[in-house]
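Each chain carries a letter (A, B, C and D) given by its place in the written order, and its residues are counted from 1.
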């Protein structure tokens, strides 16, 4: 059975490289086009890219000629599909033009995340939010559409919040994150800024952490976004860790629950059935660790192939109701792999390449 | 003018070494006795100690013979004075015996911190809590007494809380700390546990962070401890930083205040007058940094000779009232230097060596 | 086809755990017995072990009861096979007793490495050194035998030396290593010793680096060890890296060779044919990187499943003849995986379980 | 007594900032002019600089208006004096123009280090090399002149080589360095390149390490440079350490010497008498540590106010003659402080401001 051809926009950056790596042996998708900066346009991808992933450039992608980021990529499909790892300014300029030209844009960028007609998606959390796509098309008069994945720090904190919301309701949360250096891309954080140090600031991150959960925890009703009435207070910190974002969260629940009830809710939780149909889904979605000193970035970030949430330290909060610590791999679950799951979700739901998959 | 002779209990450990280093050129105190473990008893301190401080063992201490930790140290003074850097189990056993034998015990250990008759002291926060000493003596029938310094993580968070309490009242606080490896002593944390990692657990630390502020922010009335009615929720994390504890704190105030008012309260704050009489006091007690990315452990821990609080990022908290980030040097302000200030306070207040100081 | 049953001595330590992990799905071997310290004897392995490897204890091993390290393990086979990850003192005491009791002891410990009748083995370097086994049995009157793997730092430097020896002869070498913290086991190196620091000392390591290559590069003639006449000067350094030992080496060749010739020798080299029969062998044994900034521990240690040598920076040495930098994963190629390859070599050569493997 | 007015070229970079910091309270020099990039020209230094040093911008420099790097700075003096911390391309363009305009240029840059008429200076090693200045002036027809300091990695290795040269002669040396991230300036090394990693490459560094010692160990005869006939082989490595370059060195001596003799030579060495007249000189110039695990960057870099060499591990080298490990603080002794000492040397020798100093 033939695979769905896809393009990768901004394929030479670190997130773009991760897309290329993850798509190398993907059962459903096949990279047929890559775009990059002026410096690399016209050269074979394998020569133009400063490859930072483990191993070598996948041979089937290495020979693709890097194209400029323009919506004439000649990708077969109805709609043609692109993953976007563009820099912010380029995403702002080009993602709408791709949608206007009929592409399905699966983006990892932040520009349109809070646009009320753009689904902000995590398949395990809100797979039905693709229900915004018709309204998006209509509002913009686009034949194509955009779906976005959340910020990597939002991702690390969100799944327990979702589970508690379903079980008890959630009114507010205070989130303090400890985020890895790889979240800033390459070259990203100067070693002189972070070695033997913590930086209590990541530009724009507190706002993302405070806003994105309201959308992820919200509902789509009659094709329209209804955000959740949840107040979030966030403090993002950069710590000297290579990969893995850890979130320390205190939650005010809708109705009081003991730590035991909260742990039980995590244990009882089952992902939406559609999650199990996605080939990149981990076997175990949420791992609850009983040890008092887990989760830890180096020891837990690779759980479930970098796609599982590892959660621990659920206990009562003397100020709000419950506390927990949650961790995900920021460049896998929190970025490229997350967007890949979103594309798989679109495929199962028939928004892309629906005739191709068994 | 002659200096007050003092002893150091547990002088061969890391905190004990810090005492010895800090006391080397102290204007008011002079080390005349050191105690240590069986391995070192009977040897000159300079030979028995595995010196981990910068530079060399102070020559005036190097020749002292290490004694066992017993209250027969022959330290002149009424009362004789000892600093305690004992391991917990030994502190539990010996500190009361020293007090019973007439010593003033200035301890850095945790054992008696929450004892309601033991002053838990930071001169800038609650210098009047030495008013518990008479009740302590009476309750135990001790000629001597014990005063304690708080945990190093409590210290990092407390001063802004105290200032907000005075200005607006404080009802509750949620504290997430990012703590340095030196806080665990030597050898302490295995490099395999903390390198490229965060450990969301420090044994007993959450409880200390939740309990000690109620005492530090409390009042002594009629010679009795009246704890503050403040609820604290804490999550302590170990991060790969050598020195410097950072606390991210959200506060529910007694009456609402804007971020500007909160910042102004920090700027307007003056330490108790007695603080300016203590020779180890920094010139600036609290440094408020306006940059969004400060305080940072490596760049701010040495401010004020390791004795200043550096505070930043005061802003409104969407869930409680205000947020801030605060940092102190954990082995200086948070440990040995803090206890040294406590001893200086006792001297000025006349509890020790009062005839000796001008 | 049934697998060869094996035991793991010292199975609860970090190297022992690595053996258990690597043997979990091994095509030829199956763990049927584990030994451990008094603390763990009598308990199921999965409960007694403080598991530090990724993932969970392999279920088939978790249920094995930890036995004391005594040569009555009831392992089927002629000879019965054990992997040894014992602490040094226990290895000195027990490995000979196991050999005397008829066991084939495949050890990762250092005790008997330089014993002239004990093969010090790397299959890619000197697979014929198992030819010492008959002399070893005869000299000690043992029905069993011991084979050893070299120190992890020796391993990182040795393969290019071997190749240059074959191509040009090697007279001497100056080796400076930069070694990872995992080489010291757990808890091993204190974070306060190595964070933001380098320690130019690893106990005994310089001697191992200076001695072991003479044996690895030597010959077995008439069943006797003939060491190579190679002088080595070594300086071992511990650096703040989790895994991966890097060796910077200058070599005096037997006959002069240009950098190009030296690189060509590396490229042309083929491992002994038997290496390709070993199931754990990597697909590529030696990876020569042309980039001036490789090899690097974090980026190259996992090459070939942690079993490849990554070599780079071959150039002329203005003092001796050629220089190079070489890297291997210290806990895989340099420890447990290396010993596993040694066992596979013994199996192919018929020293163990010869009837079992196709 | 009035101080010598000086300018700092490139004062807004990290080395330039270090100059400004070190000169803040200097007994002989006073900063009266600063130059910087286009972005900062015309603004007060305290506003234009992104200050990365500890503490605040020295108030006496904060108000100076940043000027363009042109030789019309109106610095009083005959010759007027500037310290250069320019980027390489600008140093190549402007340092000769300043010398041509009559300035004494004390540079930390690499451009003219190997020019045979430019003194490459370390006061403790070759203070007489200022004897090249007349030839330099004559060759270029300059009223001013340039003196340079060596590369920070050369500095770390050189003093023991000099001492051994005097005591035994030195024929060749093999140097492997472990260099700190601060050596690359700011932002310099990406944290993703160096965290949990070693990079065996620093652009141009091996060549500097191989060439500069021949000049530092050479002689000035009849006003001309006579390089030393010493062969050096170098491998520079970047390691995750904030400050402090460590060099592991094996040496072929002119005549054989035991490790004891080599250690004795280090102990007996006295710096040139003129070194003791320089106000920035440390009290102890070379510290020999007997412990097998020293020197270490974090524990030894600050010795002698960051200006001492710490040396250890002198032992016989089985391949050449002796080995040692040597360490200096790369941004102090190896950069700004080293150049400051060079200026102090010029002052004592009367090349600059000779009427000003007692």
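Please note the rule applied: contacts are C-beta pairs under 8 Å (C-beta built on N, C-alpha and C of every residue); 3 or more make two chains touch, one makes a residue touch a chain.
Keep in mind the model is a prediction, meaning the values are calculated, not measured.
Q: Counting C-beta pairs in contact, does A-B beat B-D or the other way around?
A: Contact tally favours A-B.
Q: If you take the mean of the Cα atoms for each chain, which one ends up farthest from chain B?
A: Farthest from chain B by mean C-alpha position: C.
Q: Using mean CA coordinates as chain centres, what's the gap between chain B and chain C in Å?
A: 49
Q: What whole-Å value do you get for the distance between chain A and chain B if each is reduced to the mean of its CA atoms?
A: That pair's centroid distance is 43 Å.
Q: I'd like to verify one number: the distance from the centre of chain B to the centre of chain D, where each centre is the average of its C-alpha atoms, in whole angstrom.
A: Result: the chain centres lie 41 Å from each other.
Q: Residues of chain C that touch two or more other chains: which are they?
A: 195-196, 240, 242, 298-299
Q: Which residues of chain A touch chain C once you look at their complex with the stated criterion?
A: 54, 195-196, 242, 298-299, 302
Q: Can you list the residues on chain A that touch chain D in the complex?
A: Residue positions touching the partner: 52, 181-182, 186-196, 240, 242.
Q: Within the complex, which stretch of chain C touches chain D?
A: Contact set of chain C toward chain D: 172-174, 176, 178, 195-201, 210, 231-233, 235, 237, 239-242, 246, 248, 250, 252, 292-299, 312-313, 317-320, 323, 325.
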